[in-house]
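Shared between the two complexes below is chain A, which has chain B as its partner in the first and chain C in the second.
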Partner chain A sequence: MNRLTHLPTLRIRPESRRDIHYRGKAHPAAAGDTIATALYANGVRIFGRSLKYHRPRGLYSLDGECSNTTMSVDGVPNVRTETVPAKAGMTVKAQNVVGSAERDLLGFMDALSFAMPAGFYYKTLHKPAPVWPLAINRIRKQAGLGAIAPGFKITGVFDELYPRADVCVVGGGPAGMCAALASAEAGLRVILLEARPWLGGFFDYRAAAHPGGGLLYERARELADQVEKAPTIRVFTSAAMTGAYHDNLITAVQQGGDDDPFDSRYLQIRAGAMVAATGCIERPLLFENNEKPGVMQVGCAHRLARTWGLMPGEKIAFSVGHDLGLEAALDLAELGGRVVCVADIREDGQDPALAAALADRRIPYLKGWVAAEAQGRPTLKRAIFSTITGTVQKEFSCDVLVASAGFTPVTGPLDTAGARLAYDNHTGFFLPTDLPPKTHAGGRIMGLQDPLSIETSGRLAGLRAAVDCGKRVDDAVRESETALASQPGPERGSKLVTAPVKGKKTFICFDEDATLKNVRQAMAQGFDVPELIKRFTAAGTGPGQGGIPGHNLPLFVAQTTASPDKHPRPTTVRAPLVPPLMAEYAGTNHDMSKRTPVHDSQAAAGKMERIAVWNRARVFSKSKGARAEIENVRTNVGMLDASTLGKFRIFGPDAVKALQRVYAGDMTKIPSNRMKYAAMCNDDGCLLDDGVIVKQGENDFYFTASTGRAGQTVEWFRFHTKYENWDFHLVNLTDAYGVINLAGPNARKVLEKVADADVSNDAFPFMGYREFTVNKTILVRAMRLGFVGELSYEFHVPSSWMQALWDILAEAGAEFGIQNFGLEAQNTLRMEKGHVIIGSESEQRTNLLDLGLGFLWDRNKPEAKTVGAVALRQTEDQKGRLKLVGFKMTEPADRPPKDGSPIVDDRIRGYVCTARYSHTLDMPVGMALVEDELTPEGTRLAIFEDGCEGNLIHGEIVPMPFYDPDGKRMRM
Partner chain B sequence: MSLTLTCPICGERNGYEFRYGGEDKGPRPDRAGLTPEQWCDYVHMNSCVAGVQKEWWFHRDGCGAWFTTHRDTRTGLETDGPDSAAQK
Partner chain C sequence: MNMLQRQSPVRFSARPVKTEVRDGWTVVLEYAAQGDGLHLIDLSHRAKWDLQDGDLSRFDIAGTPIPSAPNTCTLKNGTAVCRRNRTQALIWHLAGDPPELPEDPALTDVTEASLLAALTGPNIYDVMEKICSLDLKDPAKTTPRLIQGPALHVPCLIMDLGRMGDRDVVLIACSRGYGRDMTEGLLHAGAEWNMAPAGETAFTRLFDI
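Moving on to the complex of A and B:
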């Protein structure tokens, strides 16, 4: 299509050409084109098919107010092509079509609309019952618009930004720009959000005269220039607001343009005050086939010509209810378009100059007339017009019908901010009656249509926002108020909702294919408020979020209902106001994780696994269940990177008091050079964490916490001592220190070779703590303990020394055949020893006593208000609690049950926590939580395994630990 | 998150940085004469005020302070700054 060139209002740069791909062909687009305007320029009229009836749909609003032009772009479904810029190489596909948008094999669905009345989904095909599963399967395949390929992964740069501002102005039209300038002049930092790619709003494309002199688009550019020069105004264009929340938190999603380093950007703005200057969208005119491709809104047709240089059609008919429509008809005629007729809903009240200009151009002007039906397949060929009363009809041949009943203020920003709206009879608008604190509105959203009033009310809103931010501009506020009072006030809006038609194919909501007939059906069934009718007919629940039906539905219901309270009530608007992508909320998604100081050597040798924040070595050997690693630890010597362990220092005059508060044991009794094993409970006595504590000096302790708990340890200490204001310091050394666990009967032989100290069993016994150097260089904190149940040492060293120590030990152990072991092996090793892992063998109901760890609680310690002590005391003799037991399998005796299997008799009596085949013992063993009656040794357990179909398997309670019950191997 | 909180050490910060610590129930009760019911009430029961509530917050992604402040549970917004008692 030839573009109109040399228009001063154009927003495209045809010299910068790029191709987008649609239906196997490259379609040229200009810089500044959206996907929709680029396709329109290439002659595409049908953009997709509708949800239920597969009716052809085309360009309608150009602002993404309905799903007519949502398409699949580069595999992303439901892209609003009217608002997304055309970029080189994009591949665009029509949605909800079998075949093509022009020839859709499911087009016959339109003829079946009688079978799909309002609420059919809730009512039909439910009986007889076996039909429903078949029907639902079919319906679900049919339902929905865009489809996403399984396994599709979105690409692109999804940025996020969290700016602060004194005033956030939503809407970059004349009112918004005046508001931003007024706030900025008062010395405030302003953020201006505009959904379109440029500032100017509804001045931007209009060549009508501005009452203050010049033309409207010139005024828009003048204001935009001032805004861009204002140093304290930050402008975000292509940024559509998605919601307003308490305390003026405003969210928006910004589309990236050609020069932006992102594809889209999530904005979360914290503002001192908000100004809503979002203006109006058009209220659709309701008539038969009012969504046929070729029918479009005034702003759509006018902007196609003025902004993108595209004359919307060959023969253009108009059916409008406001002067803006008359102005557009004249302007299109001025630009060379052929306007076949202009029907005006209003009998009188028009601007006489516009009516005279239409007469000058010999354009048939029908006052009190309205479009009644659009005809033609698949796109518009002719339109039937009738008088408002429906008595006389006329037919006009046309390929574009510009139809608009009136205006609808875009109240989404005010709605989500919590404003109350009420119907205003004069304007026909839902106007704010009660604005939340620090929230203001200006411009067309208040019903104003006069350019000067719009600018003044915007300025006033900006000044009021400045007052909210503590600026003394009361004089300026009064000045603006006086000026506004002298300027034209809100204009009377058109009341007509629907042309005199039956409404079988008169669509009130395009997204959901909801017709006037559907709404009447819903009302006949007793639904009387728009909010309920909306849900029953689904009108306004589509991706356009009520942009099309949001105003018409309440008006239609109010006019049709017999209730004395005929005031239209708006339906609720909720965030997000425009549909964002999940990827936009996810943002840049830095997958943050921690690496241990010896990560590289671990990753080179074994298989790593991400567990919570850490990357840890899962397994090194190829044998099943890490059998080789387990046997090596049991019979030789192995090495584990245990750096993820939580490590802390607590010191200060009140350190012992804090330890007494959170640990169940008596922390006044920590011997020198020995570790104390200690447990932390919550207030219910449940085990939260366990670890060891060593005394390093007077009121100075070093302690460990389990990996998963390390992050909360400081918080926990401080929370439970928060009323006391005790004097102690707590330092998290988790990342500052690394840990190597050297375990196995040959561990001492390895250590002896490198340690500069006597590490014999007498000099460094079980549970001992020593500090010594390795190779006369590396100072290690050595602990002798046995999580895996063998002779075992833990070495705590500064992270920077970790790899060196690891290499020294590996070299020293080479002659014994030292091997790495990973988490998989550790899990079986500790299970054979009956050592619990919190969360695996404990749950919300199990306390320290239930787990057989009562020895960690000192019931006679001095009163310290110890966390959990009260609960332990109260539950000490309680019956019916779940207790931790060990069991072996009897039938079958060769395999463990699945973790989590319930233990049953005539009811559920417990469940299996962890069960594994123990190669050391050569039988399957496990731990289970069972009711206390079942705990005696030898009790037979019946286990219901998932999928066993009633064939229970059996185990038998045996004492724990399963391996080395006397703990001799740890002490050798 | 629309909530902002005033940390006694760091000043007004985004609510994402904090962790909620429950309503202020006073110091832990003494063990002497404590019935199981009283204990259960202290640990588990809340007043659930519809209005201004004094409550504990932890500046997790900040200075690590526990402090009390006042928040209107109906709007979810802080009403006064943190308590001077907690600033010690």
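Moving on to the complex of A and C:
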């Protein structure tokens, strides 16, 4: 197609050519083309097929208001080709077709529309019952626009940005630009969002005169130039707002252009105030076959010519309800288009100059007429026009029918911001009546159509936003209010929704193939308000986000006598206002996790696993159940990276009071050079955390917390001391220290080789705490613990020295065959010893006493001053609680049950916490929480495993700990 | 056994061309091809102290009293002192030899606890805008200042030093464990401006300008 290349309003650069691929052919596109305009320029008129009836669909709005032109682009389904720029090499495919868009083998579905009335999904094929499961699969397979391959991986750069602004103006038309300039003049930072790739709005493509002098598009460029030069205004073009949230958090998605380093970018803007200047879209005219390819909106036809240099057709008919339609008809005729007729819904009220100009051009002008039917297959060949009463008809041959019932404001931004809308009988608009704080609106969204009024209204909104941001611009506000009052106010709008038709194929929602007939069917079944009709017919629930039916549906319902609701109310609009890709929400998606100081050496030797925020080594050996690692610890010596433990310093005159408050034990008795094992409970007495505390000075302690609780520990202390005026301080040292657990009967031999201190059993006994250097360089805090049930040390070492210490110990232990062990081995080792892990052997109901850890509770402490003590006292003799027990497997006797398996008889009596095959004991053993009647030794447990099909397995209660019950090995 | 070495939480793939061993740390002074554009500099080895006390006014760090208002900072003689809240301040020794930790229980050496990285040069605020919603572009800001909030969804301490010599400077600190992912995220965010790892000298020289 030849382009109109001489127009000053063009936004394409034909000299910059790129090819896109469609139906196996390369199609040239110009820089500035969208995919849709490029295809249109190459003669494509049918872009895809509709959801239910497989009707052909074509270009309609150019702003992605419906799914007519959603296509698959480079494997991504449902791309709104009207808003996505054409880039070199793109491969574009039509959607919802079997065959091609032009010849769809499922096109016959259109003839079966009688079988798919409103709500058919809820009623049809439900009886007899066996039919529905078959039908539902078929329907689901058939329905839905676009398909994505299961293994599809999206490519591209999906960026994100979190800018701040004083004022965020949504809409880069004349009102938005004036608002932005007004706020910026007040010294504020302004962000201006515009969905199209350039500023200008509905001035941008129009060559009509501006009342202030010059032409509208010239004024648009003048304002855009001022905006670009304003140092405090940031402009984001191709950025469609997706939602407004609390406290003026505004989100948008921006398409990347040729020169941008991203394909798409998620914007999350925090602003002091918001101005909505999103203008209007056209309210679709409803008539038979109103979505046939060739039928398009006024702005679509006009912008095709003026912005992209594409005459929309050879013979163009108009059916409009506003002066912009008349202006477009005249302008297309001026540009060489053949306008065969202009039907105007209005009997009067037109701009007489426009009507006279149509007469001058001998264009048939039919007042009080409307398009009644579009005809032709598969694209438009002719249009039937009638009077709005339907009494007289005329036929015009045409390949494009430009149709528009009127305007309707784009209220999505205000809706999501929480504004209330009310129907205005003068304009026929839903206008904002109750704006949320720090939210303003200006321009056409307020019903204004006069260019000067639009600009003044925008300026006023920008100034009011400035006042919200603390700027003293009251005089300027008053001036703008006065100016606006003297300028033309909102114009009377067209009220007509539908031509006089039966509505069988009059589509109120293109996306969902919902017709007027469907709406009437819904109303006949008692769905009498738009919100219910919307759900029953699906009108407005497609990817166009209600763009096409948004305001027509409530207006149509209100005009229908069957409805008791005579006062139209729009249906609720929700974010996202445009359909973003999941990849756009994901953004750059940095997977942030923590690494221990010896991560690299651990990862090189073992298999890593993500546990909460940390990366940890699960296993190092290939033996089943980490058997080699376990046996090495039991018989020799192993090393575990335990750096993820929480570590804290607490100090200050009231530090002991704080410890007393949150720990169940008596924290006043922590001897020097010794550790105290202690537990924290919540108010219900349930175990929350455990760890050790050492005293490192007067009112100065170092303590550990479990990995999972480390992030909450400081806040836990603060929460439970918030009403005390205690003087204590906490320092989170979790990341400051790495931790090595050296365990096994040969552990001391390894340590003796490197420690600059006496580490004999007498000098450094079980539960002892020492500080010494290793290799006369590395200062370590050493704790003699026994979590895995062997002679064992924990070395807390400054993180930067951690790898060095690890290497030193590995070298010193080489002669003994020291090996790493991971979490899997540790889990079995500690289970054999009967040591619990919070979350594995406990859940939110499990208290200290249930776990047999009552010795950690000091009953002599004042209960009211110890978190959880009251509950512990109350539950001490409570029956029916789940208690922790040990069991061995009997049937089968060679494998453990799965963790989490329920323990049952005629009901669930408990569950398995952790169970493993113990190579040390040569039998499968585990720990379980069971009702107290099941706790006596020798009780037989029936265990239900997932997938056992009723074949229960059995175990028997045995004493714990399973291994070294006297604890001699920890004290050796 | 080789000489014992301390390790930073950061790993840059760039090749060091000038290094210095300092208190067990191998400090990279300069990387190959670091250029003079947008820099990311690892300062994790720099001494960092946590100060907590009911009366912070009694302290005088590097010849400067603790700022009285939360999130305000002083920068003097290469030492930044920031007030975090009513009872807590942080002290970062950014240039020169760090002093010994005073014998006062209110102070804790937290050098090992965190990643500390500097962003210097043009576009640093553009980079920060890509990774956090904190308002570092506020034209009304006074520097140096402390901002406490998330970057890349990780809790961070961000110190905006403003203009130092010929460059804008922002310091960012987070838990040491996040060091690798944080620096990789920063480099990714700065890729469109060719952000490059740079050695410590590229930062410390700013104190001499």
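In this section, the second predicted complex is superposed on the first by the 965 of 972 C-alpha atoms of A that agree within 3 Å, B and C clash if a C-alpha of one lies under 4 Å from a C-alpha of the other, contacts with A are read in each partner's own complex, and residues count from 1 in each chain.
By definition in this document, a residue touches a chain if its C-beta (ideal position, glycine included) is under 8 Å from a C-beta of that chain, and two chains touch if they have at least 3 such contacts.
Since we're looking at a predicted model, the values are computed, not measured.
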item	value
Chain B versus chain C as contact partner of A:P261, first or second or both or neither	second
Chain B versus chain C as contact partner of A:E715, first or second or both or neither	first
Chain B versus chain C as contact partner of A:R270, first or second or both or neither	both
Which of chain B and chain C A:D74 touches, first, second, both or neither	neither
Which of chain B and chain C A:S800 touches, first, second, both or neither	second
If touched residues of chain A are counted for chain B and for chain C, the larger one	C
Partner chain in contact with A:D683 - chain B first, chain C second, else both or neither	first
Interface residues of chain A shared between complexes with chain B and chain C	162, 270
List of chain A residues in touch with chain C within their complex	159-164, 189, 232, 261, 268, 270, 588, 590-597, 599-600, 613-614, 649, 651-652, 697, 699-700, 727, 729, 731-737, 775, 777-778, 798-804, 807-808, 811
Chain A - residues contacting chain B, complex	162, 245-247, 249, 270, 683-684, 714-715, 718-720, 722-725, 863, 865, 869-871, 874
Interface residues, chain B side, partner chain A - complex	1-4, 14, 19, 21, 26-28, 30-31, 34, 36, 39, 43, 56, 58, 60, 64-66, 75-77, 88
Residue numbers on chain C that touch chain A, as the complex places them	1, 4-9, 11, 24-25, 45, 50, 52-54, 87-88, 105-106, 108, 110-114, 129-133, 135, 137-139, 152-154, 175-182, 184-185, 188-189, 191-192
